[in-house]
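See the structures that follow.
In what comes next, chain A is part of two complexes: it sits with chain B in the first one and with chain C in the second one.
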Partner chain A sequence: MAKHKTPLLDQLESGPWPSFVSDIKQEAAARAKNVKGLDYQIPADVCEDLLGILELSYKDGTTHWKHGGIVGVFGYGGGIIGRYCDKPLDFPGVAAFHTVRVAQPGGKYYTSAYLRQLMDIWDLRGSGLTNMHGSTGDIILLGTTTPQLEEIFYQLTHEMNQDLGGSGSNLRTPADCIGSSRCEYSCIDTQELCYYLTMRYQDELHRPAFPYKFKFKFDGCPNGCVCSIARSDLSFIGTWKDAIQINQAEVKAYVDGQSPAGGGSHSSRDWGKFDIQKEVIDLCPTKCMAYVNGELKIYDKECTRCMHCINVMPKALKPGKEKGVSILCGAKAPIVDGAQMGTLIRPFIAVDQTMDKQLSDFDSEDEWVEYLDEKYADITEFVELVWDYWMEEGKNRERLGELMIREGLQKFLEKTETDPMAVHVQHPRTNPYIFWKEDEVDGGWERDIEEYRKAHAR
Partner chain B sequence: MALDKAEAQKVIVDQLEKKGKSKSKFYLKDFYAFFPDEKPRTVKNIVNELVGDGILEYWSSGSTTMIGLKGAGKQAGAEGED
Partner chain C sequence: MAFISAGYNPDKPMENRITDIGPRHYDEFYPEVIKKNKGKWSHHEILEPGVLVHVAESGDKIFTVRCGGARLMTVTHIREICDIADKYCNGHVRFTTRNNIEFLVDTLDKVNALKADLAQRKFDGGSMKFPVGGTGSGISNIVHTQGWIHCHTPATDASGTVKATMDAVFEDFQSMKMPAKLRISMACCLNMCGAVHCSDIAILGYHRKPPILDHEYLDKVCEIPLAVASCPTAAIRPSKVELPNGTTVNSVAVKNERCMYCGNCYTMCPSMPLSDKEGDGIVLMAGGKVSNRISAPKFSKVVVAFLPNETPRWPTMTETIKKMINAYSNGANKYERLGDWADRIGWERFFEVCELDFTHHLIDDFRDAAYHTWRQSTLFKF
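Showing the complex of A and B:
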C-alpha cells in the first residue's frame, strides 16, 4: 500500500509516454522490499514522501520546495544543491532532499561495473533516484540528506576516482561527444580537449568565479552530437580549413548503388535508387558542388562545412587534413532576451595534428598537461580573454550571451582581441553611423590650442 | 601590488557587517566593488579562500551562488545546519 494517495500523479501514468511517476513508484517499492538488506542512511520511504509532496503541490497549485541552501562539501562551492521542503512534518522523508551533481566520464563511456558501484553508493546514501543525464550532461543524483554529503563525496573521489560537477556561478561540468575515440568524422580529440580544460580550470569548476553559470561543450565535427552550439556559452566545434578529401572511385560506387547512402541508415524503407544530384548536390546549402562527367567537384571556398555530403557518402568524402576548432560564444536558454544559439567568433583555431602524444608517452600526468598547455595555448588564451571581460563587465546573473547583446558584438570582438571579419556579419548594417577611435584617425583628436588660437579668436 | 589577504579579510568583514542589517547574502560582484583597483580574479580567489577558512560561506540556489558571513541570516538556523 502506498503511503500517500496520489490520484493526480496516477493519472500522469495513463499517457503513452514512459512516466517518471511509475519510475518513482518502482523505486519506492524496491526500497520497501530491500532485498539486499541495506542499512539505508536516509529515510527508507523517501520516494513515497517525494510522491506525496508532489501530489500536494499539484493539489495546491504551488511548490512546497524552498529555494537553495548553504550545504556543500568542504572546499567546494558547487556540485551540491541544497533542497528543503516546507512541509517537513508531513513528509519527513524529503525534509532535506539535496541534489548531487557528479562529473560524467568523457564521451559518457561507462562500464556496467562503474554504474553498479555508483548505484551501490546511491542506494545506501541517497534516494536511489537518478537523472542520467542532466541537461548539462552530468550525472544527477536526486535526494539525500546533509550528513551523507561528505560520505558520498569521499566514496566518489576515493573509491571511484570520480569528481563532483559544477553548479551555481561556476564553470559547469564540461561535456563532449565521443570524438576521435570512435567517430571517423571527428576533427579534434574532443576527450583530450575536454579533459584538459576540465583539469586546467578546476578552480573555476569547483568554486564560484563568475556572474552566473558558464558552460563548455565540445563537438568533434559540425554534426554537433552534443549540440554545443545551443547548449554552451563557449561551443567548440571541430572543423577543417582545406578541401574536403574526395575519393572519386568511391563516389562512383555510391552512384552505381554499390555502397548504401548514409551508411545504410533509414534502410527500413525503400527510398529508390540513390540520386546524387537530388540527394547531395541540390541539398548542399551553399550550392558549391557539381557532379559532371562522372566526377564530383566541390568549390571548397564556398563550403560552410555543414557535413551533409560527407554524411551521405562517408566512404567517398572525408573532412580536410588541416584541422582545428571553431569557437562560438553566447548560447543560452530563455529567461532574459530569449533563447539564443552561439555566435561564431573564431572560425578557425588550428590544432596541431602532429602533436598526437598520449598520456602513456609521458612519465607523469604533469608532463602531459604541460604538453597540452602548449598544444591548446591559442584556445586557452581566448577562453581567458572571454572570462576577463565577462567577470569585469557582466552584471549579476547575466549570461555571456546577454552581455554580448547588451554591449554589442563590436565590443566583444575588441575585448577578445578578434579582428572583425566577414563571417561576423549577419546582415547589412542597420545603423548608419561610424564611430572612429582616435588611433584610427590620422592626427588623432588632440589639437594645439595655441596654434588654433592664432587663426581663431576666442 | 598583490592584495594582502589579511587586509582584504578586514575590509570584507567590515563591509558585510555594515550591510548586514539589511542583507546577509551577496553576489561575487559586490565583493569586487570593495576593491575597485583589483582584478576580479584576485578578489574572487581571496573570497573563495575565506570560505575555506570558515569566515564566509556559500549559499546556492542551484543556478546562482551567493556569499555571506558564515552563520549570518536565517538560512543556517532554518535549515538546522548550524
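Showing the complex of A and C:
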C-alpha cells in the first residue's frame, strides 16, 4: 500500500517510454522490502515521500523545493547541492534531499563492478535515486541528508578512488563525446584531453575562485555530439587542416549502391537510389566537390570541414591526417543577456599525431601526465590566458561570453595573445566607428590649437 | 536507524583525507576491443534502428545496442543494467550524451539474444525498461533538467514532460524515417541547465509573473545590492517598506512592466519567489542545431509563446510538437535539419504548415539583437 495516493503520476506509468514513476515505485517497494536487511541511513520511505511531494506539484503547478542551503564537504566549494523541501512535516522523508555530483569517467564507459559499488553506497546512504547523467555530465546522486555527506565522500575517495564533480563558481566537470575510442570521425582523443585537463585543474574544479561557473567540453569532430559549441565556455572541437582522405573504390561502392549511404542512417524510409550528385556534391556548403568520370574530386582549400560528405560515405572518406582542435569561447544559456554560442578564437591548435602513447605505456600516471603536459602545452597556455583575463576583469556572476561582449572581441584576442584574422568574423564591421589606438595614428592625439589657428581663422 | 560510520572522523576532518583525485581513468572501463582499436576505427553501419556495428582497421568489430532510458533512474534499475552487462557484455556498459544506455557486444548472435532479452523487460506499470532505438535520422532521447522532482526554480516538470513527449514520438525513436536527425531538449526554466537553446525542438519551462516580495524577511535573508544587481532589465531597486505592524524595513521594489520573469533575482534572493500555477507553463522553440554539418550551428526560435502546464501529460504540448514534426517530415529534403527547412521555406510558411498562430510575443524586442531578426527586404511569401 503506497504511503501517498498519486493518481496524476500514475498516469505517467502507461505508454512505451521507460516510466520514471514506475521506477521510483519499484525502488520504494525494494526499500520497504529491504531483502538485504540494510540499516538505511536516510528515511526508508524517502521514495514514497518524493512521489508524494511530486504529486502535490502536479496538483498545484508549482515546485516544493526551497533554495539550496550551504552544505558541502570539508575543503571543497562544490560537488554538493543543498536542497530542502517546503513541506517537511507532510513529507519528512525528503525534508533534506541534497544532491551529490560524482565526476563521471571519460566517454561514460563503465564496468558493472564499478556501478554496483557506487549503488551499494547510495542504497545505504541515499535515496536510491540517480540521474545518469546530469546535464553537465556528472553522475548525479539525488537526495541525501547532511550527516551522510562526509561519509559518502569518504567512501567514494577511500573505497572507490573516486572524486566529486563541480558546482558553483568553479570549473564544472568537463565532458567529452565518445571520441576516437569508438568513432572513426574523431580527430582527437577526447577522453585523453578531457581527463588530462580535468586532472590538471582539480583545484579550479573543487575550490571556487572564478567569477561564475566555467565549462569545458570536447567534441571529436564538427558534428558536435557533446554540443560543446552551445554549452561550454571553452569548446574544443577536433578538426583537420589537410586534405580529406579519399578511397575512390569505396566511393564507387556507394555510387553503385553496395554500401549504405550514411551507414544506413535513413533506412526506415524509401528515399530512392543513392545519388551522389544530389546527396553529396550539391549539398556541399562550399561547392568544393565534383564527381567526374567516376572519380570524386575535392578542392580541399575551399572546404570548411562540415562533415557532411564524410557522414554520408564513412567508408570512403576520412578526415585528413594533420589533426588538431579549434577552440571557441563564450557559449552559455540565456541567463542573463541572452543565449550565446561559442566564438571561434583559435582556428587550429595542432595535436601531434605521433604522440600516441597511452597510460599503459608508462610506469606511472605522473610520467604519462608529463608526456601530456608537452603534448597539450599550447592548449593549456591558452586556457590559462583566458582564465587570467576573466578572473581579472570578469564581474561577479559574469560568464566569459558576457565579458567578451562587454569588452569586445578585439580585447579578448589581445588578452589571449591571438592575432586577429578574417576567420574571426562572419563579415567585417558595417560601421566605421573604429576606436583607434593613439599609437596607431601618426603624431598621436596631442595637438596645439595655436598651431592649428595659424592655418584656420576662428 | 543507527548511524554507520564509513571511517570519517568529524573531530579530525583532515586525517587521512583524500582529495583532488578526479574521476576514474577511462582505461579501467574500456572493453578490450575498444582499448585495442582506439583511434583505429574504419567505419560504422547502423544495422537497424538502435543497433550499430563499428569496424576497425584491424577487422575487429564491436556491436552496440542502444536503449532509451529515463535519466532519472534508481539503484534497482542500474543493478538490472549491470546484470545485463554481466550476461552479455563482460560487464561493460556505457551511456551516451543523450542519456541512452549502450550495451557493447562482440558478435551478432549476442546482439540478437540481447535484443530479445531487452524486449521482454518491462516495468510493473507496463512501460518498457530498455526500448532499443535512438540512432540515425530518428528522434533520440531527450536531454533534460530536474523540474519539480528536485529544483527550486522550475516553471514545469522535466521528467513528466519528457515521458509524455517520448511516448508521443516513440515510433520515431525506433525508426529512422526523418529527413535528418531530430533532437528534442527540455529545460524547466530559463537557467537552462539543459541548454535547449540550440535544439531542433526545445521544451522550455517559463514563468510569467514578476516575483512576489516577502518584505518582512527579505533584508534578513538576502543581500539587497546583489538582488538589485542581478536584474538584467534593471527592474529592481532598493526601497523602504512599511509593514502592516508599522515597522519600516529595507526591501526592494520591482517595476513589473520591466520584468521578463527570468528568476535571476530569486536565485540571489529566496524572498522573491516567482512560481505560480497560472503564470507558469511551457514555451516551445524550434529550428536550432549544434552540428556544423551543411550549415552553421543555430539558435532555436520561439514558436509557441505559452502553453499551460496540463499535468500529468501535457496533451496540447505533445500535439503541437507532433504537428511540427509531421510538417517537417513531410516537407524537408533528405539531410535537411528542421531549422534549415524552416529557413528554406520561410518562417511565415513554417507557421502555416505547422498550423501555429503567430502572435506579437514571437517578435524579438530584447536589446539590439532584436533588430537583426526583423525583415529588411521585400522577399516574403504570401
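Structure notes:
One rule holds in what follows: the second predicted complex is superposed on the first by the 405 of 458 C-alpha atoms of A that agree within 3 Å, B and C clash if a C-alpha of one lies under 4 Å from a C-alpha of the other, contacts with A are read in each partner's own complex, and residues count from 1 in each chain.
Quick note on the criterion: a contact is a pair of C-beta atoms (placed from the backbone, for glycine too) under 8 Å apart; a residue touches a chain by one contact, two chains touch by 3 or more.
All values derive from a computational prediction rather than experimental measurement.
Applying the stated contact rule after C-alpha superposition, one finds that A:H67 touches each of chain B and chain C. Of the two partner chains, chain C is the only one touched by A:D39; chain B is not. Legend: residue contacts after superposition of the two complexes on their common chain; A:F210 is shown touching chain B, with no touch to chain C.
Touching more residues of chain A than its counterpart among chain B and chain C is C. In the overlay built on the shared chain, the residue A:P420 is in contact with neither chain B nor chain C. With both structures placed on the common chain, the touch criterion links A:G77 to chain B but leaves chain C unconnected.
Within the superposed three-chain model, A:G257 lies out of touch with both chain B and chain C [touch as defined at top]. By the document's definition of touching, of the two partners only chain B reaches A:N170; chain C does not.
Once the two complexes are overlaid on the shared chain, A:R397 sits against chain B and chain C alike.
In the superposed model, A:T99 lies in contact with both chain B and chain C. In the superposition on chain A, chain A positions 67-68, 75, 99, 203, 396-397 are in contact with chain B in one complex as well as with chain C in the other.
Chain contact summary for the complex, chain A toward chain B: residues 67-72, 75, 77-78, 80-82, 84, 96, 99, 146, 167-170, 203, 207-213, 388, 391-392, 394-397.
Looking at the complex, you find that chain B touches chain A at residues 27-29, 39-41, 44-45, 48, 51-52, 57-65, 67, 75-76, 79, 81.
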